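First subunit A sits with subunit B, and in the next complex the same chain sits with subunit C.
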Partner chain A sequence: MYDFLLPDMGATAPILLVALIGVVLVVVDSFSNDSASIPWLSGAVLVAAITIELARVGVTDSAFMGHVMSGGFASFVNVVILLGALGSVILSVPYLSRTGHNFGEVHALILIATAGMMVLANAGSLITLFVGLETMSICLYVLTGLVRDNERANESALKYFLLGAFSTGFFLYGIALLYGATGTMMLSDMPAALVETGRTGFFAGGVALLLIGFFFKVSAVPFHMWTPDVYQGAPTTLAGFMSTASKTAAFAALILVLGRILPLDDVGLDTRHVLAIVAAITMVVGNVLALAQRNIKRMLAYSSIAHAGYILTGLAAGALGYAGALYYLLAYTVMNIGAFGVMSVLEWDGKQGAEQTIDSLAGIGSRKPLLGVAMGVFMFALSGFPPLAGFFGKYFVFAAAVDAGLTWLALIGVLASVVSAYYYLRVLVAFWMKKPEDAHVSVQSAAFDVPLFSKVVLVACVAALIALGIVPGFITEAAGAFFVTPEATALLP
Partner chain B sequence: MHTTVLLILILPLALAAFNGLMGLFVPAYRKNEWLIGGLGTLAVAIPFVLTVKLFLGFHGEAEVVHFFTWMAAGDLQIEFAYRIDQLSLVMTLVVTGVGALIHLYSIGYMHGDSGYWRFFAYLNLFIFAMLNLVLAENLLVLFLGWEGVGLCSYLLIGFWYTDLKNSAAANKAFIVNRIGDFAFLLAMFVIFAVVTGKTDGAFGLDFTTLLAPETLGLFGAGTLLAVALLFFVGATGKSAQIPLFVWLPDAMAGPTPVSALIHAATMVTSGLYLLARLSPMVLMAPTAMTIIAIVGALTAIMAATIAITQNDIKRVLAYSTVSQLGYMFLAAGVGAYFVAIFHVMTHAFFKACLFLGSGSVIHGMHEVEHELEHKGFLGSHGKSEEEDPLMAVELPYEGKFDAQDMRTMGGLKRFMPLTRWTFLIATLAIAGIPPLAGFFSKDEILFKAFELGYNGHVWSYFVWIIGLVTAVLTAIYMTRAYLLTFEGTPRWPDAMDTKPHESPWTMTVPLVVLAALSVVGGFVGLPAVLGGSEIHHFLVHDGHGPVAEPHHEFHVPVAIEWGLLFLGLAIAAGGVLFAWFVIRWGSRGPEADTSVKRFFGPLYGTFSRKYSVDEIYQKWVVNPVVNSARKIFAPFDESAVDGAVNGVAKLVQGIALRLRGIQTGVVQHYALALVLGVVVVLALMLLG
Partner chain C sequence: MLTDFVPLFLMIAMALGLAMSLLKLAEWLGPKRPRAIKASAYESGMDPVGTARDRYSVKFYLVGMIFIVFDVEIVFMYPWAVSFRHFLANGGGLGSLAVISVFVVILLVGLLYDIKKGGLDWD
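Moving on, here comes the complex of A and B:
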C-alpha cells in the first residue's frame, strides 16, 4: 500500500536529503568530537540538492497527493534557498571557529531549517505550509541564541521566539478560518470550494490573518520590530542566512498562496491594496530608519526590511510582478549573503558585530582591498546601481507595479531607494575614504585574515551580481515561464 | 554559426580576464612572458582562423546571431545580437588577422616590461571591444564596442602612466573622443525618437530594421541630414578628422604595437566602418556627403603637410595615418564606401607594417641608447652633463637622446635588413607605387572623386585635386622617413662602435607577413579597366550587399580611366623619385629639409607648428570652459545644489532620529505594534 511513496520521495528528494543529513549530523555530533567533517558533509548535501533541483527546473510536478510541489517554481525557489544556505555554511565555518562557537549542531540546525524552508516554499496545502513554517522558525530561534554566553544574543533569541510564537498564532488561526470557509486544505481547490460555500467573510478574515503571518516572517512594517534586534544579536553569518533564505521561503510561499487561492475577483475580494499599502509603509520606514543606524548589522537589518518592501511592491502588482519578485529574491540573496559575509570577516569574537559602528571600520578598504571592493559591489547592488543585479530587480518589480496601475507605489519605491543610497554609500565612505587612524585600533589589528573559502564565496557573489545584471533575461525568462498568464509573459523580455 | 561567433567574441575577453586577474593576484605569474604572450596571441589567432572558416562558408546571405535580450523597456528592446555579412566579415578578418600579428610582435617588443601581463590583458580586451564594434547587429552593441575601444585606447596610450606626459596624452584622447561619442549618442536618440512605435513590435536600433527602405522613409530630409552629420561628428572623434584629430599624434605616447593596432589599423577606422554600415542612410543626405568629402580632403592635405615637417618617426606615421583616414572619408563622401573599406584594409596592412617597422627601429635605437648610456656618452651614470662635460655629446636637437628621432638615425639598413626591406615595401605601398596594395585603393578613391565630378558635381573635382596633391606629398614624406632612417650614414654619437641589431623573430615575422600583404593585398580591388574589383563585387553585390553606392548616370570613358591610372602612377613615382634623387634625404640627411623649407617659405612654419590647432583649442575652448567652471558652475554647485541636497538629507535624518524612538527594545511594545498592524490588515481585508 506504500508503493506510491517511492515516486513521492523521489520528487521531494532534495528536501528529504537535506533533512536526513541534518538528523545524521546531530547523531554524528553527539558521538564524535571530531567536527571537521561536519561542514564538508553539510556543504556536500547542499551542493547535491542544488544539482538535483537545477536538473528539473523545467518540469513541474507534485508529490504526496498534491501537498508538496516539485520541479518548476518549487525547484527555482529551492535553488535560491539552498544557495543562501550554502553561502552561509561556507562563511560560517571560519567565522564560528574564530569566535569559538563551532558547534556541530549549527550545521544540523541550518540543514533542518533549510529543509523547513523548502517545505514552506513548496507547499501545496495549508498543512505543509504550517509544518514548513514552524520547522524553519524553531531552528532559527535556536540559531539566534547560539552564542549562549552573550546576553544580547539570548535577549534577541527570546524576543524572536515570543513574537514569532505570537504571529504564528495568527497564522494558524488564519488557516483555521480558511479551512472553515472552504472545507479543504489544498490551496488549488480553494477558489472553487469558496464559490460553492460562499463564505467570503470567513475567507477574507482567514486571508488577512495568513498575510499577517507572512508579513511577520518577511519583516514588513509594522511587523518588523524584531528584525533589527535579532540580526544584531545573532551570529553574523547566520543573520545573513535568516535575512535571505527564510525570506525567500516566506515570499515564495506567499506567491504560492496569492497565486493559488486568489484571484478572488470572482468573489469580490482583493489583496492588492493591502499588499500595496504595507509595501509602501515598509519601504519608507525601512529606508528612513536605516539612515539613523550607526551599527552596520542593524543598518543591514533595516535594509532587509526595505527590500521586503520592494518585493511586496512586485507582489502587489499581481501575476505581472511574480517573475520579477523571483529574480529579486535571487539577486537579494546573493548581495545580502555577500554583505553579511564581509561583515563576518571583520569580526573576531562574535560579539563585536553587535557593537561595531560604521566609524570603527574606517579605512578597512585599503587594508583589505578584496573586502573593500566586494563590499563596494554589494552596497552598489543593494542600492540598485546598474548594471548590477540589484538594479534589474528593482526595475522588474517597479515596472510591474506601473503596468498594474500602481504608479504611486513605484514612485514611493524609487524615492525610498534614493534615500537608501545614502546609508549604503556611507559604508563605502567609511571603508575607503576615512583614515584608519580614526578607527578603533582593535578592529584594524584583529580583523582576521580572509580565509580562502570566504574569499571564494565573496568573489562568487560579486561575479554573480555582475552576471545577473548583464544577462537578467535568462532568469526572468525561466521565472516567467512559471506564471503563464499572457500579460506576465508580455512584460518579460 | 552560433558557437563560432560566440568563440570569436569570448576568447579575447576570457584571456583578457585570465591574464588580467592572474597578473593582478598572482605576482609569480607575471614572469611567464611566453605564457602570457602566447595565450594572448592565441586568443586572437584562433578567432582569426574561425573567421576565415566563416568567410569561406559564407554564401552571400547576411545572418544574424542572437544571444540574449540585453535590456527591454517599453518599445525599446535591445538584443545582444551579431551580424555576419560581407562588411563585418572583411572587418573581422582585418581586426583578428592584423591583431594576431601585432600580438605576436608584442611578445618580443614588450619583453622585460614590468606591465607585460597588463599589456596583453588590455590588448585582448581591445580586440573584444573591436569585434563587438564590427560585428554588432544594432547601434547600441556597436556603441558598447565603440566605447570599449575608446577605453582600451585610453588605457594603452597611458600604459606607461608614471610619465605624466603619457597620462596627459591618454586624457586628451579620451576627452576628445567623448565629444564624438556624445554626437553618436544624440544620433541614436534621434533615430529612436523617429522610428519607435512605427515598426512592427519593439525597436532595438537594429540594422535590419533601421536600414530597411520603409524605415528610412520615415525620416525627413532635415532629420536625415542631422543624423548623418551627428554620426559623422562621432566618426571624426574616433577616426581623427578635422576638427577632432588632435588626439591621434599625441596618442603615440603608447607602446608602438598599440600605435600599430589601435591607432593605425583598426580602431581609428571604426568611423569609416560606421559610415559604411549606415551607407544606405548616409547616401540619402547629399549635403552630409559633400561635407564628409570636403572635411576628409582637407584633413588629408593638412596632415600630409604636417607630416613632411616632423622628425619623430612615429609622429610622421601618426600624421600620415590622419592623412590616410582623410582619404578614406573623402572616398566615403563621394559615395565610394566600398573603396573606403578597401583602403581601410590595405592601409591596415602597410600602416601596421610601417608602425611595427618603426617599433623595430626604436627597439634597435633603444639598444644604442643603453649602450651609449653605459659608455657614458649621454651623461648618465648619476652624473649630469655639467659635471662631466667631456663625455656629453652634441645632439642635433635639444634635450636628451631620443630613440624615436630620425635625425639621430640613418644607415640602419646595414644593421636591420629585414626591417629595412619591409619598411621600404610598405613605404612604396603607401606612396602608391604599382602593383603594391596602396596603388589600387588610392587610385580607386581618386577615380571615384573624379567620376562624381564627371557626373556634374563640380565640387568633387576640387576634392579630387586635393587628393592628387596629397598623393604627391604622401610619396615625398614617406620616402623622406625611409631615407632618413635607413639610408645614408649613422648619425648617432659614437656610431663606429655602437651598433643596433635586428629584432627577434617574433617581431620580424609579423613584419614580413604584413609586407607580403602590402604587396598582394591590392589585387582584390583592381580598377575596372584591369578586370574589375573583387571587393566591390563582394561588398556591394549589385545593390544586395551591405554597402550602398550612388547611381551614376555617366560613365567615365575608358581612355580617361587609363589616363587617370597613369596619372596616379606618375604622381606616386614622381614623388618618390623627387625625394630620393632631387632632395636626397638619404645622402644629405636632415640637412635636406632646408630645400623643402625654401620651397614652402613661411608656410613651412605653419606646417611645423601643426597649424597651431592645439594652441587655438587651448585658448578658445579649454580655457573658457575651465574658467567658467571655476567661476560660475563650481560656486553654483557648492551653494545651490549642495545646499538643496544637504537640506533634504538633514530633514530625512531628523525624521529618522525621531522615528527611531519607536524601537524601544521592549518586547511588549513590539507586540503592541504587531497587534496594531493586525487591526489594520484585518480592517483593510474585511472592509476595504
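Moving on, here comes the complex of A and C:
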C-alpha cells in the first residue's frame, strides 16, 4: 500500500533533506542555544541539496502520484532557490552577529522556508501549491519580525502577515473554484478536464483569484504595497532572501500553472492581456517610484517590483518567454543577493549603521573599494548593462515579448529600464563621486571591516554575474529544454 | 455544473436558517423570569468581581497559543486512528504508522523546543 513511499522520497530527497535539517536545527537550538554549529549545518545541507539537484536537472520525474514534480524544470528552479538561500545564510551570519540577532532559529526558519519554496515550485497539484506557499509565507512572516525590539520591524512583520494572510485567502478561494469547475486538483489532469467542461465562469473566477494570489507574492502592481515596508523593516540579508528565493518559487509555480491550465498559445488571449497589462503597470510604477527613494533598501524594494514586471513580460509571451524568465530569475537572484549583501555589510551595527541612505553613504566606495566595486557591478547588472547577466535576462524576456506580438509591452519595458538607470547609477555616484566629507557624520567615524564570509559571497556573485553574462548559453539551453516548442528553442542563441 | 453544488448550498442554507431561527424561537417562546443572579454575568460559578477590562499576564496568552496549536493538531490524528483497522486489513499498517509517526515527531520537536526555551515555565 505504501510501496511508492521510498522511491518517491528519493525523488524528492533535496526537499525532504532541507526540511529535515530544518527540524533538526530546532532540536539543536533547544539544547544548545544559538549554537555556532547551526549555520554550518544549514550551509552544508544547502550545498548537499544543490549537488543533488544539479545531478537531476537532466531527468524528468514526478513523485507522490503526480503531486510533486522532480527533476528537469523542478530541479533547475530548486537550484536557483537553494543558491539564494545559501547566499543569504552565509551573509546573514556576520550581519546578524553584528546586530546581536544571530539566533539559531533564523537558520531553522530559512531552511523550512526554503523547503516550502521548493514544494511550491515543484507542485503538481493545487494542494501541493498551497502547502508550499503557506510553509514559505509563515516562515517569512517570522523572519521579517526577527528584530523584536525594533518598532519598524514589528510594523513590517504585522503588515506582511495581515496582507499575506489576506492574499492567501484569495489564493485558496481560487483553488476551490478551480476544483469546483474542473473536478480535479491535479495540474496535469486540468487540460483534459477543461476540454470536457469548457471555460466556465467558475473557472475564470478561479483563475482570477489564483492570479491575484500570485501577483501578491511576486509583488506585482497593484498588489505591491507591502514590499517597500517589508524590505525596509526586515533584516537586510533576509530581505534579500525574500526578494529572490520566494519570488523565484512563486514565478516557477506561476509558470507551472500557466503552462498547464492556461496555455496562452491555445486558449484565447484574455490571460495574456491580463499578464501583459499587469507587467506594463508593474514596470512603470516600480521604476518611477524607485526614482523618489533615498533609502537604499527601499529603492531596492521598488527595483524588485520593477524586476517582477520584467519577468511577467516574459510570462505574458507564453511558452516563448518561459526559458528567458528562468534565466532572468537566476540572474536576478545573483544580483539582488549581492546588492542586499553589500547593504548588509554597510549596516555595520543596529544603531548608527541602520537606515543607510544615498546621503549617508557618500564616498564609501573609496573607503571600502571591494564594496564599491561589487555594488557597481550589481547596480550595472540590475539596470541591464550589456556584458552582465542582467542585460541578457532583459534581452530574452523582451525578445520573447516581441516574438509573441507584444511589441508595445517590450517598448514599455525598454523605456522603463532606461528610467531605472537613473536611480541605480545614483547609488554609484554617491559611492564613488561624492566625497566622504559629505556623508553623515556617523559613517565617517565608523570603523568597520568587511567580514570574510560577506567578501566570499560578494566576489562569487560578481564572478557569477560576469560569467552568466559572457556565456549565457548553457543556462538558456538547459532552461529552453524544459519547454520544447520549436519557437521557444529558435529564439535562444 | 452549478447543479452539482445544490446539496451543498442547501446545507449551508439549512445551517444558517436553523441557527438563526432557533435563537429567535427561544426568545419568543421561552419564559422570562429574570432574577438578580440570573441576570448577572456568567463566570463559571464565581461571583463576577471587578471590571471585565482587566489586564492579564502575557503568560496566559503564551500558554493559550501553545494549547491551541497542539489541540488543533491532535484533531488530525483522529481520522488516522479511526481508519487504522482498515489500513491493517489492507497491509498498510506499518506504512501508515510510519507516516503518522513523522507527524507526531514533528509535534514532539515543537513541544521539546517549547519546554527547553522555557515557554512552559510559569515564573
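As a convention for this text, the second predicted complex is superposed on the first by the 476 of 493 C-alpha atoms of A that agree within 3 Å, B and C clash if a C-alpha of one lies under 4 Å from a C-alpha of the other, contacts with A are read in each partner's own complex, and residues count from 1 in each chain.
Everything that follows uses one rule, which is that contacts are C-beta pairs under 8 Å (C-beta built on N, C-alpha and C of every residue); 3 or more make two chains touch, one makes a residue touch a chain.
Remember, it's a predicted structure, so these values are computed and weren't measured experimentally.
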| item | value |
| --- | --- |
| More subunit A residues in contact [subunit B versus subunit C] | B |
| Contacts of A:Phe215 with subunit B and subunit C, given as first, second, both or neither | first |
| Subunit B versus subunit C as contact partner of A:Phe202, first or second or both or neither | second |
| First (subunit B), second (subunit C), both or neither touched by A:Thr271 | first |
| Partner chain(s) touched by A:Val27 [first = subunit B, second = subunit C, both, neither] | second |
| Which of subunit B and subunit C A:Ala292 touches, first, second, both or neither | first |
| First (subunit B), second (subunit C), both or neither touched by A:Val419 | first |
| Set intersection of subunit A contacts, subunit C complex versus subunit B complex | none |
| Of all residues in subunit A, those that touch subunit B in their complex | 158-159, 162-163, 166-167, 170, 201, 204-205, 207-209, 211-212, 215-216, 221-223, 225-226, 228-229, 269-271, 273-274, 277-278, 285, 288-289, 291-292, 395, 399, 419, 422, 470-471, 473-474, 492-493 |
| List of subunit A residues in touch with subunit C within their complex | 1-2, 5, 23, 26-27, 29-31, 180-181, 197, 200, 202 |
| Residue ranges of subunit C in contact with subunit A within the complex | 1-2, 5, 87, 90-92, 94-96, 98-99, 106, 109-110, 112-113, 115-117 |
| Subunit B to subunit A touching residues, read off their complex | 68-73, 77, 649, 652-653, 655-657, 659-660, 663, 665, 667, 669-671, 673-674, 676-678, 680-682, 684-686, 688 |
